């Protein structure tokens, strides 16, 4: 596939600084681009590469343009423009509509003729698969599942009973949507399994990363609204509700019955305790522990960055003897006869 | 399916306050129940919903009963009673005994005729599958595996060589039991793989969550005792021993050769370092790091809850200059001529 | 299989203290060995077991040998020697060369006749599979993948387009190599998917644990160099580069575009933020958060070990009122008229 710079400029609304006839075949990094490839600059950390790149063209902002010898596609949001050009130059493999002869499809399932069902897929009773959907190899789609148009289950995806997936959503390999939630009633020092009878509703334009799990609701459905982006190895507990366009990085765990607002950005390996709510437009830094509800937009953190290990060990030791430090301070204050110290907040419960 | 309140009261030993002829068809939340559904109240946080619910009946304690207009099933442990009623009203799909024509079963495998082996399951040599076991689609059961009665492998489960699963245990999709442990001998600045020749023994009534992994033992078996409940995306290293009825929340990692007692409750995203032991009846809060053995029952924590990010950054900066603070305190003490400060604990090694 | 002690001593370069005719059939732990089994001692924590073991022979160092009644294979690196003996006594099941009749192999794929392709494997166009490679049941190998000699995909492994795996590398069940990276461009408060067009190159002698995910590069390839060992449930983001012989424990997450040096040892549940670099020979303790690049070899940590929960809560409360403590100290200093306090480091940004 090849496209001229002129066509790209028109199609994506960029100002072209360079020869419109130049032909672009692929995308590349600034560092390794060649005369057939297009690069982009969105992260200022790579700006120094702009002067040396051998790219045929670079997508960037007017502010970053000066000093670049390559042709330029100037626009306001170079990363988004790059994404659209990359999608044009590197389209996914075309669908092969139809059901692979090895797929097992229940009699009551309805599959749009434009959809592709791959090798060894298993499709349960009353499943509905929309136009141009792709069910990759080895996927298991349980009874009553509803897949909207253009859904893409890449491979090895498991969908539990009655799961609904909105249009254009993409599920990476190994994702498990609709497994039983972790519900057990304590009884006589053992655990009694609580049947999980809800399902999972996933909106349109959602991405679910590889080996991520979203549990079915205990009674009602777990809900992932439209435009939510979930990275790999994320755990979403039962009854969780995630608002539209929230993005969550890898390895994060959201406990049962948590409600998260819209447009939040949650870093990797964050843990959110059960039954909490998080407001719209909240940012949580990677590795933080959320153990209280967050009611206002803003940035929240409880991340401790690494130190050299001996220095760290001294810090931890001091932290653990902080009570002794306070006691020494109190003695000095008594000796000095200083006035009442500034009021201290009460010890708060942080469970 | 529908059951009368009277029958439910008799069957599950509740005191009925209401019309025994009322027919119940399903379970529901207090908030969304209707005249055909039964709800429960176990978490006081939802008590306000008791007055407004349109449920036909509510399972609750005598203490929580007053003020509820719905019929009541009064009992001591409403959550457990609810679980039993939900299991009655929402039974799992019935088994279809027999082996699916696409399943591949080794000649020496023995499968009870009442068991169901699903589409594309692969069953190795000398496997034994007990009565009423369910092997879901795409499961791989390696040679020598032994599955007791009523075991349920939902779908896409992988069992390595010689794994044993006790009666009634349930494995959610993507669970991997019996992969090689992480054993490598350092040699000349590279790593030499140490053959992992043990397997995994899982007791009765165990639950294993979606995409959770339990590694086979290096020499002897990794052991999960009866009644253990493991949430999703948990990692259990080789040679680990987990005592009966311990419950572990999602994303937790248990390093190799750890021994955990009975009836522990371990929160999500906890890490336990290798070769440690944890006593019976220990509770560890979510996101804690266990780097020493825990020898007494009790609650343990090292969780830091989130703050607004600027406030957090100031806290971390102060934490990192705690040495300067101690030095300032020492100077003041010298200047004041105060007596010896209270004895400080030695800096402890916390690796 | 059985081997004489004499043969083991010659083959693996050990000094034999005992009867060379003694026959060894299997490996065992010191505690549970019998007269047909061989044990080893490498971890001093188990040294007390040396006197009581009923093993036929023990592999250990000259320093640890005294006091052991069993025959001895004395060598410098007993764990490595044990690994080699265990591999001899417990070889993996032999390959059954050929393609299982249920495997689906694209016409343009080339499979070495000595390789084994298992039941229900799906092999895409232009795939190349080297000599003695093993493709286990239910594996999906996408178009353009290249597997070198002796590669082992155990079961349920997913390889995305154009992934390359070096010789002798082993992928445990559920591993997903080459899923889309987490790339989304923000635009008008929603996210636009950025096509991920790179792949993943994995070197020789790499181990990838169960349910671990390694994302394909956004433009160029994600690279795992030779000898890298990855435990279970690890997340490697797009564009990451991991140097040779680095070992990473379970549940760790490496964000996109991180570069890690050679021979690093990274503990479990560590998080490394995006675009950072880590030098060669760095050790990071379990559960640490890396939010700045690490430029020198050494040990790094930000792990807080658990305390009894009430004590922990008091520590956290003091930590959160550290500002009050500093203010009290300042007052005392003013009152005492002490000289300028030692210089404090500026509050550093730790994002």
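Note that the chains are named A, B and C in the order they appear, and that numbering of residues resets to 1 at the start of each chain.
One rule holds for everything that comes next: contacts are C-beta pairs under 8 Å (C-beta built on N, C-alpha and C of every residue); 3 or more make two chains touch, one makes a residue touch a chain.
Computed from a prediction, not measured in an experiment: that's the story for all the values here.
Asks: Between subunit A and subunit C, two touching copies, which fits better, same or different residues at the interface, with half of the numbers shared as the threshold?
Replies: different
Asks: Write the angle of the rotation needed to overlay subunit A on subunit B, where the fit uses Cα atoms and the result is rounded to the nearest 5°.
Replies: Copies differ by a rotation of 120 degrees.
Asks: Between subunit A and subunit C, what distance separates the C-alpha centroids? Give it in angstrom.
Replies: Centre separation, subunit A to subunit C: 24 Å.
Asks: Of all the residues in subunit A, which ones touch at least 2 other chains?
Replies: Residues 120, 138, 156, 174, 211, 233, 251, 269, 285, 303-305, 307, 313, 316, 319-320, 322, 325, 329, 332, 336, 350-351 of subunit A each touch two or more of the other chains.
Asks: Spell out the part of subunit A that touches subunit B in their complex, as residue ranges.
Replies: The contact residues of subunit A facing subunit B are 104, 120, 122, 138, 140, 142-143, 156, 158, 160, 174, 176, 179-180, 182-187, 189-195, 197, 211, 213, 215, 219-220, 233, 235, 237, 251, 253, 255, 269, 271, 273, 275, 283-285, 288-292, 294, 298-305, 307, 313-322, 324-325, 327-329, 331-332, 335-336, 350-351.
Asks: Using the touch rule from the top, collect the residues of subunit C that touch subunit B in their complex.
Replies: Of all residues in subunit C, those touching subunit B are 26-29, 32, 42, 45, 77, 79-80, 82-84, 86-87, 90, 93, 102, 118-120, 136-138, 154-156, 170, 172-174, 205, 207, 209-211, 227, 229, 231-233, 245, 247, 249-251, 263, 268-269, 285-287, 303-310, 312-313, 316, 319-320, 322-323, 325-326, 329, 332-333, 336, 338, 341-342, 344-345, 347-351.
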